[in-house]
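Which chain is which? They are A, B, C and D, in the order written, and residues in each are numbered from 1.
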Amino acid sequence: MDAAKRLNAENFVFFNPRDGYQSVLQRQFFRDMSHMAQLYRMAAQYRDKIGFRGQLLIQPKPADPRRHQYESDAMSTMHMLRHFGLDKHYKLYIKPAFARLTSRPYEHDVYMAAAYNMLGCVDASDSWPEFNGTSDICAQDMRDATLVMKCVLEQGGLQQGGFTLGGRVRRESTEPRDLFHGHIMAMDTFARALRNAARMISDGSFSRSIQQRYSSFKSGFGERVEMGNMTLDDCEDFVRKNGEPLHQSSRHEHYENMFNYYISPPRQ
Amino acid sequence: MDAAKRLNAENFVFFNPRDGYQSVLQRQFFRDMSHMAQLYRMAAQYRDKIGFRGQLLIQPKPADPRRHQYESDAMSTMHMLRHFGLDKHYKLYIKPAFARLTSRPYEHDVYMAAAYNMLGCVDASDSWPEFNGTSDICAQDMRDATLVMKCVLEQGGLQQGGFTLGGRVRRESTEPRDLFHGHIMAMDTFARALRNAARMISDGSFSRSIQQRYSSFKSGFGERVEMGNMTLDDCEDFVRKNGEPLHQSSRHEHYENMFNYYISPPRQ
Amino acid sequence: MDAAKRLNAENFVFFNPRDGYQSVLQRQFFRDMSHMAQLYRMAAQYRDKIGFRGQLLIQPKPADPRRHQYESDAMSTMHMLRHFGLDKHYKLYIKPAFARLTSRPYEHDVYMAAAYNMLGCVDASDSWPEFNGTSDICAQDMRDATLVMKCVLEQGGLQQGGFTLGGRVRRESTEPRDLFHGHIMAMDTFARALRNAARMISDGSFSRSIQQRYSSFKSGFGERVEMGNMTLDDCEDFVRKNGEPLHQSSRHEHYENMFNYYISPPRQ
Amino acid sequence: MDAAKRLNAENFVFFNPRDGYQSVLQRQFFRDMSHMAQLYRMAAQYRDKIGFRGQLLIQPKPADPRRHQYESDAMSTMHMLRHFGLDKHYKLYIKPAFARLTSRPYEHDVYMAAAYNMLGCVDASDSWPEFNGTSDICAQDMRDATLVMKCVLEQGGLQQGGFTLGGRVRRESTEPRDLFHGHIMAMDTFARALRNAARMISDGSFSRSIQQRYSSFKSGFGERVEMGNMTLDDCEDFVRKNGEPLHQSSRHEHYENMFNYYISPPRQ
C-alpha cells in the first residue's frame, strides 16, 4: 500500500482466491470470514494512517483453487462487508466472466454491485459461456459487454480507475501479433459496447419502458408501499376496494428485440 | 398467516422463485429488492400484531422460473435482510440441493446460513449432483446428508420445526409403493446421517483437529488479531521479530479419510 | 408416418427424451439401445413399404426427463446409428441450445453432425447460455446463430425442410403481441445470421485462412499422410531428414476479430 | 511404443487433450478427426510390426485446454473409431471424473464403454461433483466407486492392466504424509467398492429385478422384436390383438434403497 500511494494508484485490489474451503469438515466459516474482516479493518486503518487516497477494492471469485471461495460473488462479499461494518471502505472489482461460474449471466455481478452502489472497477475479459471454468479469453462478445457498459454509464461511470484488460491469448496462439489482436479485440468490444450503451440511454426507449413498468409505484398506494408506510391490513383494504392488480406483461421479447436493434442496427 | 397461527405452525415460509429477472434490461434490481423488503417488513409487523409465534423463513433458490432469483442463495438473502434491517425477523429455509445449481457442494448453504446464525429449517431432498437443475430426487446420499446433520447438531439443532421431506419419485415410478420407498429412503438417509454426525461429534476427532488447526488464534498475537486490537504496523513488527509463520498442511486427505471412516466403518 | 406421407412432410422426427436412464442400476444400456435400433429399423422398413419420401430424423437431447438420454448428442446418436447399421436411413435434427447442456458451444452439434454429413434440420431457438437447462428462449444471439448458418451454407443447405422455430415466450409475457415479438426476434436473428454467414463465405477470408492453415496437408508428406499411405517409420524418416515441423500460431484472436467484423461492421 | 514393448506394458494410452478446437471458425472437424485416425492406423500398424502385445487405449476428455476435445467422451470416441474402422484395435481408458464435465454421472462413461465392449482401463480418481472442472481429488466417494466396480465385475474385469490412481492432494496439503493419506483413501474407496459390488452381484437381487423388468423380451413377441424379425405392421397387429402393454413402474426408489443397503448396511 505504501507503493500504491507513491504510484498515485487509483485503486488497490484484494484478490483472495485461497481464502475459502476445500471441505466443510476442516474450516470454521464464520471465524475465517471474521479473520478476513480483521485484515480489511487493518488495511482501511493503514490507508487512513498513510493518507493513501485510492479506492480499496475486493475482487470476488466463486472458486478455484479452493472448492469455494468465501468472497464468492458480489452479494456474498457485500454481505461480509456489511456484517463486519466495512462497506464504507470497500467497493467491488467485478470480473464479469466469474458470474458464469455460478451459472449467472455475464453482466450479473456488475448490476448487483451497482445496485448497492458498490461497483468500483470492471475486468474487461470473458470466459467461454458454456463452460464452468475460467478460460480468460479476450473479450469478444459485444452483446454481453453492452449490458455491462449500460450499467456503468447509468451509475455515472467508475469514479476511480476504469476497466482492466484481463484476457489471455490461447495456448496455441504463439506469435507476438496474437497478443495485439487479442487486446485490440477486447478494446473494440468494450468500445463498441460503450457506444451502443450510450445510444440506448440517450434514446430513452428503455428508460421509458421501465418507468412505464414501475408506474404503479409512482403515486398512490404503490408509492406509499415503496416509502414503507403501509401494513398488510392496508394492502388488504386496498385490494378489497380496488380488486387484485391487473397482471401486465413484462414484454421480455420486446425488450430483447429493442436491444438487438442497438447491438446490430439493420443494414443492407 | 392467520391460518398459520390457528394451526400453531412452527414456521412460515416465503418462497419467491418468481421474484427475479429474465433480463437486466427490464428490471431495477435495488428497487425490486427494496419492494420485497417492504413485504417482509409488513409481514413481520403483521406477525407481531396477531401474535403469531412461528419463525418467519425465506427459502432461497438460484433461478427458475426466472433467469435469476434475487434471493438466490444464503449469502445473497442474508445480505438483503441485513441491508434492509430485517435480519432479526427472518431465518433461512435451506434446500441443500439448490446449492448444486450454483456449482457449490450440497451442504454449502446449510453451513453458510448457520455461520451467521440464520439456519431455520432444512429440506431433506436432493438433485442429481452432476446436473445444474432441480431434479428433486428423494434424498439418497448419506455422505452429503451427514455433512448437513453435523452442521445442524453443532448449532444445537433447529429451534422450531425440523426437516421437511421434499423429494419426488421419478416419472416412471408409477405405483403407490414407490412413494413409500422414496420417503423411506430419504428418512433413512437423514437418520443414518444423524447417527454418523453424532458419532463424529462425540468422538471429538474433528473438533480436536480443527482446534489444533486454529490454535494460533488462541493466544498471543493471533488472539489479539482475532479480537480486533491490531494494526498492520503491529503485524509488521510481529513478523520482523518472529519471522513469517510456518505454513502448516491443511491435511485435507486426513480429514476426508476420517470422514469415510464414519460414513462406512470397516467391516468384514 | 401414414399421416406424414399424406401431408407430404419433408421430415419425420423421432424425439425420445424418455429413452434413457435414471440410474445405471436398473437398465441394460446396450440392450436398450439395440431395442431403439429395432424401432428405427422397422420404421425405415415401413417408410420404404409405404413409399414415404420424407427424411427420417432423430433429435438428440442430453437429459431431461431422464438423468441421461441415450441419444444424448450428435456423436452419441451417430455412434448408435452406425453401430446398428442405420446411418443411411437417418439424419439428425439438431437443437443447438441442447449443446449448452453438456457444456459445449451453441453451434457444436450442428458442426459435428455436418462433419459426418448427417445434419438434416436445425431448431432456431436458444437457452440461456450460462445455465445447464432448457429455457427455450426465442433465439436472440446473432453471433451464435451466424456460426450455425455458416455451417449450413457450407454444406449446401438443408436438403429437405429447413429451420423450425422452437422458442417460447417467458412466463410473464402474457399478451398475444409478445408471441409475435418472440417469433420476429428469432426470425430476424437467423435471417441476419444468414446474411452474415453468406458474406463471410463469399469474401473468402476465412476459407483462405483455413486453407493456409492446412496447407501442409496439400502436398508432399502431409498429403500422403492424409491419404493413408504412411507408416510411423515413414514419419520418423521424414522428421530425421526435415526436422520437427515448425509450430505455427493458430491465430485464434485474428479469427475472432474477423468474425466480429462480420457480426458488427464498424459504423459511426 | 518400443519402450512399452521392452517394459512389457499391458496398456499404451493415447491422451490428446490438445486435439480439439477453440473455435469452429478455424478448424475442419472431419479433416482433423481423419488425421487423428491416420495416427491411430499407423500406431496399430506399428504395434503389429514390432509385436507389441499391449492394449492400445484412448482416454477421452471433454475439454481443456481446448474449448472442445474431439475425443470428448466414450460415445464420441467410439464413433470416431468405428467410422474410421479402428474399433478392433483400440479400447477406452475412462476417467470417470471427466463425465462430470459434461453433466453426466461419475460412472456414466464406464457403463457406456462397457456396453460396447470397449472398456479397457479405469482411472480411480474424482473431481468435485458440483463443479464443471477437473479438480483431480483423490477418490473418496464409495457410492460412486461401487457403481464403477459393479460394471467392471459384470464384464469380467479389465483384461489387461487395471485401475490407475490419478488423484492429487490439495494445494495446501504440504506434508509427505498427505500423499499417503490421499492414496490410501483412493485405494480404500475402490477396495470397499469392489466388495460392495461383489456382494451386490452374488446376492443376485439386482439381476433378478432387472431380469424381471426385461422379461417381456424373453419370449413371444418381445423376443421376436429383439431378434429383429418384426415390422411395424406386426407391432400393430400385436397391439390390436393384445392391447397396449401395461405400463410397469421402474421402481427407481426401490433400486436406490437396495443400493444404499449395500453401500451402508444397517448397524447399531
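Everything below uses one rule, namely that a contact is a pair of C-beta atoms (placed from the backbone, for glycine too) under 8 Å apart; a residue touches a chain by one contact, two chains touch by 3 or more.
Values in this document were obtained by computation on a predicted structure and should not be read as measured data.
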Selected interface, C-D versus B-D, where C-beta contact pairs are more numerous: C-D
Chain B and chain D, separation of their C-alpha mean positions in angstrom: 34
Computed distance of Cα centres, chain C from chain B, in Å: 41
Gap in Å, rounded to a whole number, between the CA centres of chain D and chain C: 25
Per-residue multi-chain contacts in chain C, two or more chains: 22, 63, 67, 103-105, 128, 131-132, 170, 172, 250-252, 256, 259
Pairwise touch network: line, ring, star, complete, or other: complete
Touching residues on chain D, where the partner in the complex is chain A: 18, 22, 63-65, 67, 128, 131-133, 135, 170-172
Complex contacts: residues of chain D adjacent to chain C: 22-31, 33-35, 38, 41-43, 45-46, 49, 62-63, 67-68, 72-73, 75-76, 78-80, 82-83, 101-105, 107-108, 111-112, 115-116, 132, 147, 150-151, 206, 209-210, 213-214, 217, 225-226, 228, 230-233, 235, 250-252, 255-256, 258-259
Contact footprint of chain C on chain A as seen in their complex: 99-100, 103-106, 128-132, 138, 140-143, 169-170, 172-175, 177-179, 181-182, 184-185, 188-189, 192, 247-254, 256-257, 259-260, 263-265, 267
